[in-house]
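As written, the chains take the letters A, B, C and D, and residue 1 is the first residue of each chain.
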């Protein structure tokens, strides 16, 4: 499921609700979740709030394509993506990506793929409102490095 | 925090509770979570229940070392590991690993490292009770493959 | 018929408008559509383009009735 | 004084007991401690050892009062 939300959401509550409603009991052995939360600082400045703009329609289409790609590459049972738009304040979750699979290799790799693809390509733009009352568009995302070598 | 639990737990509730209690508001921008759940099948057989044995004392010591290693390698703000022991039934969570960090690279890499290290080295042993009323010790874990190349 | 243009985020702010419309002509590229709507003002560096909500190169041809969007690099998630 | 041994999981089941105690002697390795407690029955393949809750090689020396654990490959998580 893909949800674009103008309202604050609690990711753990959303996961509880979604997992209860989805008919996948007994099948999944692995769930991997990423939650991006608004911090009160960025690039050395105190941030009071943020406005998240998106391209309605393209956002949903693009996220759906990303999840389709992930399903082709990994054995995924289900996924949930929730993304905030509009005005966001520190400590509020911005994005939730969850993937359910039989095995952790699929759940972990697919979740990572989805959040990285979302950050690279999904049409969202952040504008930060600083404590100095200035505003600025965010021009880059931080790196999603990967140092872990995983095999077993 | 490390919790070895003889009782069932709801991972999303545990995360909600822990995040509320921990004093890290405004600092973390990324939370990565892995949940391992008992399936009702394994290696082609229907599994009715499972008994999880551990080495009390060494388990806690070893998990604490794993988290210490992760903290040396990545900029982690906090972590939560919950692991069930005793009798476990399908759909019950077995393990929860959560990592909070300022940036997603640290949260994702460290969470992956902790679950893989736990699976490779922490002294837990699973015995499966099959629908045929036979029991067997699990002798291997599934692979934690990683196909994703992540940089941005 | 015509082509609809949409602008987003910092590009929308610097242009001072969210959308435009230009008349359709045969063999227009995405970059031509930009130029028609913006009096030959050059497309700023790094700006991305989508036609009908799919990313396209700036040299891609546009059909009558298409929606063309221009926007800066994305920063969601 | 003495050395305490603990066995876990399938090893505990096949031995039919969870622990043992053997008298301390100088220069005992982990493998010697196993042999003393198990009448020279060879240590099964793949069995791991820990001394005082840290993994050790089987050739590691044991001190008086140590706790030595033997167990199969772990399968938690």
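Following the convention adopted for this analysis, contacts are C-beta pairs under 8 Å (C-beta built on N, C-alpha and C of every residue); 3 or more make two chains touch, one makes a residue touch a chain.
Please read these numbers as outputs of a predicted model, since none were measured by experiment.
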Minimum number of chain-to-chain touching steps separating chain B from chain C: 2
Approximate Å spacing (C-alpha centroids) for the pair chain A, chain B: 21
Gap in Å, rounded to a whole number, between the CA centres of chain D and chain C: 71
Chain A and chain C, separation of their C-alpha mean positions in angstrom: 27
Chain A and chain D, separation of their C-alpha mean positions in angstrom: 47
Multi-chain contact residues (two or more partners), chain A: 36, 115, 119-120, 141
Of all residues in chain C, the ones touching two or more other chains: none
Contacting chain pairs - touch in the sense defined above: A-B, A-C, B-D
Complex contact set, residues of chain B against chain A: 10-13, 15-16, 19, 25-41, 73-74, 90-91, 102-105, 107-109, 112-113, 115-116, 119-120, 141-152
Residues of chain A that touch chain C when the two form their complex: 36, 52-55, 57-58, 61-62, 83, 94-95, 115, 118-127, 137-141
Residues of chain D that touch chain B when the two form their complex: 6, 8-10, 13, 50, 53-55, 69, 71-77
